[in-house]
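For reference, the structures are reproduced in the following blocks.
Two complexes come next, and they have one chain in common, chain A, joined by chain B in the first and chain C in the second.
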Partner chain A sequence: MTVRVRPAEWQLALPLALAYAAFFLVPLLLLIGVSAFDDEKITTLGFAQWRRFLADPFTWKVIVDTVKLGGLTVAATALVGYPVALVYLGAGPRWQRVILFVVILPLLTSVVVRTFAWIVILGREGVINQALLWLGLAPAPLRLLQTEHGLVMALTQIEMPLLLLPLLSVMSRMDPSLRDASAALGASKWRTLVRVTLPLSLPGLVAGCMLVFASSTTAFISQFVIGGNRLVYLPLLIWQQSLVVYNWPLASVAALTLLVSVGLGVTAIAAVGRRSRAYAV
Partner chain B sequence: MRAKDLSYSVVIGLLAGLGFLILIGPVVIVLLTSFTQGRSIRFPPSGLSLQWYQLLFDSVRSSQIHRAALNSLEVAVVAMVGATVLATLASVALARRSGTWVRALDTFFMSPLILPMLAFGLAALMYFTFMGFRPSLALIAIGHVVVVAPLALRTTSASMSQLDPALLESSASLGASWLYTFRRVTLPVIAPGIAAGAFLAFVGSLDNVPISLFLAGPRSDMLPIRMWGMMESTLDVRVAAVSGVLIATVLVLMLVMERVVGLTRRLRD
Partner chain C sequence: MTHARFTRRQFLAAAAATAGALAIGRPARAKGSVTAAMYPGTWEEAFRAHVVPALKSAHDVDLEMTPLFAVDQIAKAQAARGAPPFDAFVLDPGPRVTGIDRGLFEKFEARRLKNVGRLPAGMVDDWGVTVAAQVVGIGYNPKKLPRPKSWTDLLKDPWVSRLGMTGFQTTYGTVSIIEIAKQFGGSETNVEPFFVEIKKVLSKVAAIGAPASMPALFQQGQCDITYTNTQTVATLRGRDVDIEFVKPESGAVAFFTTMHVAKGSREGENAYKYFDTVISAPVQSALMQPPNNFIPVNRDVKLAAALPMASLDEMAKFVRHDWSKINPLRAAWIERFNKEVAK
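After this line comes the complex of A and B, so read on.
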């Protein structure tokens, strides 16, 4: 009879933990290490690249623009995404499934495909310009590509599923009788939204906003293809320094700056969420 | 009061309508554009034809795209298998456990979802270069495993938490070994979660840009990177055809997964 070896179950987490340690944690630590070299050949230790990067006013403009892009995308996504979630909340099970499908389909469609779609939409002879001209709302085609608002518009669609998934998850667990009670007690729909639905769905909204912020600030292809060379964000700097100029220390500095900026932005969103939760209750 | 409720319906209805339009419009526009008869990318397309699909499937004139697509498929399959196996094991380990260590490990495993992947792509490039490796599909697959494992872990963990521990106890008390219990009790219960996770990992790898951007080389071209190049240079209409094929593939796979494992519900929960 063979001896049965019963693995302690926690050990089963080891393969993934080790893979992450070797191929995720160590590379990220390496990123910090490489940023602490002065020269492109990575031979002399020093913080020259950090000084150079942070002393440049252009860098700060890029950082501010990147965070601003994330903030605008979060705001735009929440503005149209939250009402979609409200429609989901009020729909029957059948329609809920359809809405969920409509939300997930773009999520699973390649980011490159979604970015490409927006070139067709935002271009000089694109869908929006044709519509504006036809309606007589604009005398000449507007420039939408290579502008910040055009990029925010595109990112709103590209990132919206990330906002909606956590939001719909929370909404589907919400007790409908609370909204019924609010209505029965004479509250208007607006009041029910502000006093009941919004506070209850806040954790999902906050989680979604965090994902949207993190994803939109790092969406290199969308930023590059729709924003063009005129709009510079941190991902473009990382790409240029690492794959065009081959200055890996400076690329690492830019990557760590992106990491910290995204981290701070996400923390700020979480903090705002906590505060408004305290007010809502 | 009535007027207020009406304003609610109008405002929310309009915004939600805009939301749905934004969500689904671009997908429809790409699909229709890909059937254009013209030589440029325009919507609405000027006449319908399959010419761009014919060009796309021409094995000589589109050989680079075919190469990139095959590379992407190969990497996606490897990354899917790797991520799914690792994530399934980890989800069994972490299920119904609490404590600082378990929470820390869970956060660690989920962190690629919130971390700027571009920073990790650069880190991986430098790491592999310093170790003396040249760009290859294997390295890309390793990078993809790291970033898609959280997707597989989420759905698998969710189905693990629905597994009734009494089932495991009765199996053990009837003398079944751990492995036997895992095979005959645990696995069948969590299989749909694993399948959904595997699907997400596959799609996640197929679509991945930030890792492939850094790890792909001349001999390991990846489809999204090639599509980016096609968009940058001449705005090749074949991009629309490739997009059409990708959308159709995802749509079919999604419908199949929805039937088999209730994909959308699992993604929501």
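After this line comes the complex of A and C, so read on.
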């Protein structure tokens, strides 16, 4: 059956469409345009910046690191977040509200504040190191700041709401009798989780993972403040080229590279989601 | 209960009329206003506390501030192409040279400043006026480390394993690295010796951070020595952080913060009044006091004891740099720094 969209409906979508055209499409075209200039003053057309950027092995290392950071963050948030979602699923209405509030809580503070708080947590004299030293688990403070695993830890907390909100919304619409039926038919709790709950919650999990991937690969503040200059990702290159040395063509090239990398990553996650759904059913 | 019913047309007409009335009837101002780009943080707070009231009482001009770092001001002004989003710039030497190169400033007329005679020589030129100085050297934690003497100490034990570094993104970072390079045979235009030396000790360096995070990293004990300016040291000391400023043997570095009239600004008259207020002795004196800790440029200001010089003329002996030579090389240095320090 096809739904006939009456004119009144597409007219309602018009303001958003116009806003997208003005504030996304036009800047994107400008970005592509600027990247097609050879010189910093944007006078000579050419693809010298593209050639220079893509011919540099360092660029490829940065692209791989950026995508890897997104992958690790997605894995960590999914691993930590999914059990929280299961607790939510099993909780009564009052506890569900509490969990939802705790999940949303980080969104109520600015990302800058959350990121600087992580300096205090991960620092040499920070909470984690003090606990490790006190417990005798480490002879000297560990280096957590400006390392990839420290950054992934921080991003896991910072991006967690993005994973959980779509996941929880899908889970709350799941029919509880399906799990009961699975149990009544003799399936163990694990089997019910793997064969019933997981496949049914997959759309929410995939949506969450896509959001986390896109957000963590582009999280300039967190990457730069926690990763410092030791960890170089594409957003840092864009910032340096656009705002420190004013080479806008090269900054555009880096920005488009980031756009394509993130786009490919998100597409890959969506494809994995479709595949596994087909497998599960 | 009944509701007054409006048709859509009536509602739109009323909304348009209200908006129009608001646009025409903007609050009257005696002598108008000036919009100035302003460094966020210490500068913005200090200017709000001291410059805004001084400008209002001396000239009846309202100061509106747009918080922007120097590099962002250049980017914004350049993107605006002749319709500047603010009337006055505040810039470090590197972005200043870029601004001159790209024609973003009006020609500066020093005679329009009453206080210009109170500035040391060389503080005004065809493009702008100096409003504050910055002195760069070494900041270290005296409870954790012995006192360093020279720039080269930063790359030696025990200091190097507690060293916090930033790259070429900031003015103070760039001049500090140039000074380190000079000690190993480099120059203002050759920082190669720095890269050679840093490579030998890179694994020991405690932190290579974002410029904005350096005070937090120092405060959290992630690093105990870093290159920095007197203002940051004074601000951290004000928060009871153990930090002391050291002038390296080869001399501390001085650079100046300047203000400029944006090309195409319609508030040039008020911009000059604003500059004149900023460099006036009472405002300069207030800006020097904690928690602002500016280095003044007006001779009539009695310098605070904590400053690394007894008089403004002493700054002539500090190390200075030519940013028209540094700017063209900086992009390559930044790229090189990324590659050398990234894991």
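Operating definition for what follows: the second predicted complex is superposed on the first by the 265 of 281 C-alpha atoms of A that agree within 3 Å, B and C clash if a C-alpha of one lies under 4 Å from a C-alpha of the other, contacts with A are read in each partner's own complex, and residues count from 1 in each chain.
Assume contacts are C-beta pairs under 8 Å (C-beta built on N, C-alpha and C of every residue); 3 or more make two chains touch, one makes a residue touch a chain.
Small disclaimer: the values here were computed from a predicted structure and weren't measured.
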- Overlay on chain A: chain C relative to chain B, clash or fit: clash
- Message: Of the two partners chain B and chain C, which one touches more residues belonging to chain A?
- Response: B
- Answer with first, second, both or neither: which of chain B and chain C does A:Val120 touch in the superposed model? both
- Query: Between chain B (first) and chain C (second), which does A:Val206 come into contact with in this model arrangement: first, second, both, or neither?
  - Reply: neither
- Message: After the superposition on A, what does A:Thr156 contact: first (chain B), second (chain C), both or neither?
- Response: first
- Which partner does A:Pro106 contact after superposing on A: first (chain B), second (chain C), both, neither? first
- Who does A:Pro27 touch here: chain B (first), chain C (second), both, or neither? first
- Message: Under the stated touch criterion, which partner chain does A:Leu231 make contact with: chain B (first), chain C (second), both, or neither?
- Response: second
- Query: Touching A:Leu69, do we find chain B (first), chain C (second), both, or neither?
  - Reply: neither
- Message: I'd like to know which partner A:Leu258 touches here: chain B for first, chain C for second, both or neither.
- Response: first
- Message: Which partner chains sit in contact with A:Ala78 here, chain B, chain C, both or neither? Use first/second/both/neither.
- Response: neither
- Looking only at the overlay on chain A, choose which of 21-29, 75-83 or 129-137 in chain C hits chain B. 75-83
- Item | Footprint overlap on chain A, comparing chain B with chain C | 116, 119-120, 123, 125-126, 225, 242-243
- Sites on chain C touched by chain A in the complex: 69, 71-72, 74-75, 78, 98, 165-169, 206-210, 212-213, 216-217, 220-222, 330-331, 334, 337-339, 341-343
- Which bits of chain A are touching chain B when the two form their complex? 4, 6-7, 9-17, 19-20, 23-24, 26-28, 30-31, 34, 79-84, 86-87, 97, 100-106, 108-121, 123, 125-127, 156-157, 160-161, 165, 168-169, 172, 186, 188-190, 193, 210-211, 214, 217-218, 220-221, 225, 235, 238-239, 242-243, 248, 251-252, 255-256, 258-259, 262, 266
- chain C partner, complex, touching residues on chain A are 58, 61-62, 116, 119-120, 123-126, 145-146, 148, 224-225, 228-232, 236-237, 240-247
- Message: Going by the contact rule set out above, which residues of chain B touch chain A in the complex?
- Response: 1, 4-5, 7-9, 11-13, 15-16, 18-20, 22-27, 29-30, 33, 41-43, 85-87, 89-90, 92-94, 97, 105, 108-109, 112-120, 122-127, 130, 142-143, 145-146, 149, 153, 177-178, 200, 203, 206-207, 209-210, 213-214, 224, 227-228, 231-232, 235, 239-240, 242-243, 246-247, 250-251, 254, 258, 263-265, 267-269
